[in-house]
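Okay, got some structures for you below.
Two complexes, one shared chain (subunit A), two partners (subunit B, subunit C).
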Partner chain A sequence: MVAANPAGDAGETYFLRRELVNELIQALATDDREVIGPRVEDGTIRLGPVSSAVDLPRGVGLDNAPGKARLVERGDDRLFDQPVGPDSWKRWTFPPRVTQAVWTDGDGTPAIERRLENPPRQITKKAFLGVRACEIAALRVHDRVLAQGPTPDRDYAARRRDNLIVAVECAVAGGTCFCASMGTGPEVRDGFDLALSEIDDGFVVRVGTPAGAAVLAGLPVNPATDAQFEHAQASAARVREQMGVTLPTDGLPERLIAAADSPRWAEIAERCIACTNCTLVCPTCFCTSVGQRSDLDGQAASSERTWDSCFTLDFARVAGGNFRTRVSDRYRQWLTHKFGTWTTQFGSSGCVGCGRCITWCPVGIDVRDELMAVAPPPEAAVVARPMIEALPVVAPLPPVRHEQHGTPPVKTTVVDTHRETHDTVTLRLRTDYQPLINGKPGQFVMPSLPAGASPAISISRFHNDGFSLTVRAAGASTARICALERGETLTVRGPMGRGWPVEQALGRDVMVITGGIGLAPLRPLLDWLIANRDHIARIQLSYGARTPGDRLYTAELDTLLLSGVIDIAQTVDRAGPEWLGRVGVVTQVIDRIMCSCDKTTAFICGPERMMQATVDVLHERGVPDERIWVTLERHMDCGVGLCGHCQLGRFFVCKDGPVFSLAELGPAFGIEGL
Partner chain B sequence: MEEMSLTETASSQTPPLDDNLAAAWLTYSLSTATRGKLARMGRLATLVTGEVLMREGDPSDHLAIVLEGRIGLRVRVPERGPITILTVEPGDVVGWSAVVPPYRATSTAVALAPTELALFDGPPLREALASDAELAAGLYPVILSAVSRRLEGTRLQLLDLFSQRWVEPW
Partner chain C sequence: MSVTGIAPHPRPQPNPRWATPRRPRVGVVKFSSCDGCQLTLLDMEDELLAIAERFDIVEFAEATSNRSHGPFDVLFVEGSVSTDEQAEEIVQLRRQATTLVAIGACATSGGIQALRNLGDDDAFRNSVYPRPEWIAALPTSKPVSDYVAVDAELYGCPISGRQLLELLTSLTVGRRPQLPDEAVCAECKRLGNTCVLVAGGESCLGPVTRTGCGALCPSFDRGCYGCFGPREAANTVSLANWFGEQGKGGSEVAREFAKFNVGAPAFRKIVERER
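Showing the complex of A and B:
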């Protein structure tokens, strides 16, 4: 018996007798690590704290099928012969609830305590025991989505740092497993500190990293014999054969996106009960919402991030509407993102083939069957997909410094307020935060008051000492923002998003077309156009509102009209006899405007249906997609591409938009329920 | 609102109606022959602000093309008074009901600004359309396209896209 090489040559293989698993767990628990592993709990296999081998599911199997999971008492000594249960490791790397910020009212001024400024202090180091190949792939997917974008999720990065990954190669395939189809398993290839393969009387242990070797160093292990090693390999090969390849994935993203109008979506919706189970058990689903609450005496408020699901009714809700009211739309959203647009967005499929969504679907919907029905492959031949090699390996994530977080909360002071309409107010806010003063037309901020929601609000003007926001009192939080008075404080994060491509206006006719409060995001653009008037052929503003009393910036528009700097056509949907201006929709203003339409750049903001009608008119008049720019409204909860709500095709509207050209959006613009 | 007392402009002082029809987007695409026939049937007229061209429910005596100014189309809503649901801008038609049975005005048309019209009397226009297939084949499509455009606009208005329908959670 020899000790493992403490220097840790990756690739060395040892044999660990089964009765020594307790020692392995103790070794993993050094340095105050919490060991998480599989346990029998709630009538299934769950993940939870493991303090000794007694906690592990010895001799227990899990018989699973669509909508079914039953424990099976095998009576043998094997510890890890089960397919995965409902929990995935995201419960620890990306917990269901995380407090994001706490406001206290100690001296009468709301103060922000950013909990995440010291994340390592609160987060204990973890050892994950029993991580399957598909789950290593899932961790990699989360690393890409949450930690490797322009604005990393600091909480996730902190929780992923210093994880010890003890992988287990599956010796049985569950009835819903399809990792072989997704190219993520069943063999554990890399991304582990230690990898165990369970054989008759113990484990073949592969060392993946020096940290893994250090764990093994104190344990009485022998080098694995050839027979033991071959036994482990044969076991993995048997699992691959047992599972088979049930889902052909070649060209699947393209096939799915092309099937947006498939009648199958409505058929699935007759079975799907939109319970959200599939997204909660999915190891890669990452959508979250942030909720606010305050204690009863008003002394403290906090915001808490919780898992959300694209199957919930309010997931795609925006002011005045909801993009996905039908279950069929929500199912399509989930499936096309997971297996389709995820690939263009993040470079890999969002599915790792773990089968949880099939097992834990209460009505037994099998995504493999649905994918084959919605987007069948051109040929019947099913080809095994090679193991994915391209994803980045799971490596300890560097600490994310606070200054890397792109949008820290900034306190601003209200220096002026102006009531625009019965429910809309423009606040002029002072700040010396230069990124806000130097923001781009079309960018937005997320203002928040303690215990209030944080909606996305477009900047409606830039000033030398701050900026303006035009806010409609749509609910409790926005009503509180509208009620702010001079001298009061408003905390905002921003500027966020990509603004209008102002340079596209140079040397051209410009049509600015907007409706309702949509004029607000266009006002900084108009300011820029007017400041650069000499370089623009013609500026035509077409503005529609519900009634004359709902128009914004009326005095300003009157002055502009008189100045002759820009042409302005205003119209309202309905009016009383006192209104002598235009009545009708804004599309009927632009369809008769004389323009050199092939040389025109159009900037549009308004309800999406209004923008669609406007785009139809512009198409008829010959304005090309490359020069039609729209700003999309989607549910934005985080503003930095992490919460998932505003995902549209390959974009997160908040960070990749909200301004897009029609050429960029392609078919993603104007599809109902997308 | 004043009742209409259409002021007809003396023909000797006006440019030929044909030029007006050639410049209006509704009729510019008509063939020269069709436009000429139409021009010979019409006359120029002006409305002062507040003057009523036709009343909702009344027989449609005129079809007109707005050349300058603005006509408001109003419907009466009991207890809310007249609501302007659409304005007819230069180039567009008002009084299309003069050529579509039952030849009754679907709204009240009132000038919201000093307005100049190319005016066509309903009965002779209907007779001409019934007897002259070439005129009917030229004119009906442009009238239909104007009505279709109006229907499309009305649908968008019906959606009430700018309204706030409920209290939001933010």
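Showing the complex of A and C:
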């Protein structure tokens, strides 16, 4: 018996007798590491703290089928012969509830003067024992979504740091497993510190990293014999054969995206309960919501991030509307994102083929069947997709720097307030935070008040010493913001999003088309256009409102009109005798505007229906999609592409938009319920 | 009702500085019910003093001998409307209340007593009471919202103290009350409960029931009874079909749905279909 070379090379293969698993667990637990692994609990296989081999599911199997999971007592000595249970490792890397931010500064300070801060995190190091091939793929998907974007999720990054991954190669395929179809397994290829393959009397252990070798170093292991190694390989091959390829994935993203109008969505909705189980057991679903916690007075306040799901009604709600009321819309969103647009967004499918969504659906809906029905492959030929090109092993994440967070909470002071309409107020806010002063027209901020929600609000003007927000009291939080008085504090995060592409205006005719409060996000654009007036052929503002009293910035518009710097056409839906202007909808105005339309750039902001009608007119007049820019409204909780609420096709409206050209949006613009 | 149980029609938003200079006047009244929801308020021992400081409780027969007929800034109504007198009284109370909140399964769907809505009221009366002619009750037990406009509903049998506190807090600090209209399943999954339906083959109404209880029953390995009533888009037909496919008989399936929220249309539909 020889000890493994302490500096054991990646790729070395050893044999560990089964009775030494206890020693392996102890070795994993050194350095105060918490070992998490599979256990029999509550009548199924769960993941939880494992302190010795006794905790592992010895001789127990799990019979998975659509809507059913039953424990099977086999009575043998094998420890890992089960398909996955309902838990995935995201319970530890991305917990269901995380305190996100706390309003601090002690008890004496009035809540509104407090600072919003991230609480310090105490995270114990973890060893994950029994990670399957599909789950390694899932961790990588999460790494890409949560930790490798422009604004990484710091909590996730901290929880992923120093994980020891002890993979286990499956020796049985569950009834709902389809990793072979998704190209993520069943063989464990990489992304592990140690990989175990269970054979008759123990484990063939592969070393993936020096950290894995160090764990093995103190254990009495032998190099694996050829027979043992082949035994392990044969076992993996058997699983692949047993599972088969049940889902042809060639061209699946394109097929799904093209199936947006399929009648099948409504049929699925007759069975789907929108209960959220599929998304919450999914190891890659990452959508969250931010809720507020506070005492009765709103003094001790904090915000909490919780797992959420695109299957809830609230998920796509915005002030005054909801983008996905029908269950068929929600199912389409989930399936199309998971198997379709995810690929464009993050470079891989969102599905790893673990089958949890099938097993734990309380009415046994099988995504494989639904995919085949809604987006059938062109030919019946079922072709195994080759193992996807091994994605680069995720490098350890560097410590997150403050700047990298992108949008720290910034305290601003209200220096002026101006009532625009009966329910809309412009607040001028002072700050010396340069990114906010130098933001781009069309960007937005997310203001927070203690114990209140953080709505997304467009910046309506930039100043040398701050910026302005024009806020309509559409809900409780915006009502509180509107009620702020001079000298009071407002904490904001921002600037967020991509602004208007102002350079597209240079040398062209510009049409700015909007209605009601929609003028607010366009005002910084107008400011820019006017400042660069000499380089723009013609500036035409078309502004509609419900009534004359619903118009914003009326005094300013009057001055502008008189100056002749830009052309302004205003129209209202309803008016009394005092209104001498036009009555009608804004599309009628743009119908009559003189323009060299093929040389025009259009910037539009308004309700989606108004924008669609406007786009129709612009199309008729020959303005190309590349130069029609719209700004979209969606539910936003985080503003930085992490919470998932504002998902639209392959975009996060918050970070990829909210400004898009029609050419970019393609079919994603104007589909109801998307 | 909309997603949060807050009626969708526009109404004045709570003012952030609302509690000054005077405390909002709060009333708690009841119709046909067991008083359990009112007790939930009294059971909130840690918060009760803070609530009493913040709110002027002017009517709450369960707790104080002070009486008031209004006006109320916030009026909590427990119980279903099941007599003529109650049907008149709720209209009077509505006129006295700026914000009217129906609390509990009785006030929001008719309660367990709405079982009579599905049967022969006279037959029940004659078999239960020695002098049925003395009983002056309506043939149906209905939620408050069948009679007057309701600004918010707190569900459950009984209601959750946490949700009641959230509603009060949302009024004092000025935020949209966080009363998510999602399935009990979402809470089960966050808590890490094993699904009793999938793993144990038990009947559980969790997938179609509104969260709010903190997934109480599944946390103790039992199926959900549906105390908080059907959530939005509650696909009870699909769940009942699944129960049937798993070998449960029609009357067994009907019994699952014929409980505290039998008066809610999504549950009642299954009872009528299966029994």
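Things worth noting here:
Following the convention adopted for this analysis, the second predicted complex is superposed on the first by the 649 of 674 C-alpha atoms of A that agree within 3 Å, B and C clash if a C-alpha of one lies under 4 Å from a C-alpha of the other, contacts with A are read in each partner's own complex, and residues count from 1 in each chain.
Quick note on the criterion: a contact is a pair of C-beta atoms (placed from the backbone, for glycine too) under 8 Å apart; a residue touches a chain by one contact, two chains touch by 3 or more.
Predicted, not measured: the structure shown is a model, and the values here were computed from it.
Contacts of A:Arg582 after superposition: subunit B is touched, whereas subunit C is not reached. When the shared chain is aligned, no partner comes close enough to touch A:Arg419: not subunit B, not subunit C.
In the superposition on chain A, A:Asp314 contacts both subunit B and subunit C. By the touch criterion defined above, A:Ala453 reaches both subunit B and subunit C. In the superposition on chain A, contact is made by A:Asn277 with subunit C only, not with subunit B. Set against each other, subunit B and subunit C touch different numbers of residues in subunit A, with C touching more. Of the two partner chains, neither subunit B nor subunit C is touched by A:His535.
Applying the stated contact rule after C-alpha superposition, one finds that A:Pro86 touches subunit C and leaves subunit B untouched.
Look at A:Ser477: by the touch rule set out above, it reaches both subunit B and subunit C.
Comparing the two interfaces of subunit A, the one with subunit B and the one with subunit C have residues 314, 317, 452-453, 475-477 in common. Contact residues of subunit A toward subunit C in the complex are 41-44, 46, 67-71, 86-87, 91, 96-97, 269-277, 280-281, 291-292, 294-298, 306-309, 312-314, 317, 322, 327, 359-364, 450-453, 473, 475-477, 479-480, 483. Within the complex, the subunit A residues that touch subunit B are 314, 317, 319-320, 423, 452-455, 472, 474-478, 515-517, 544-546, 550, 571, 573-577, 579-585, 587-588, 591-592, 606-607, 609-610, 613.
Residues 25, 49, 70, 72-74, 81-87, 89, 91, 112-113, 149, 152-153, 156-157, 159-165, 167-170 of subunit B touch subunit A in their complex. Looking at the complex, you find that subunit C touches subunit A at residues 3-4, 13-17, 47, 50-51, 54, 165, 168-170, 172-176, 178, 180-183, 185-186, 189-195, 197-201, 204, 206-208, 221, 232-235, 237-239, 241-242.
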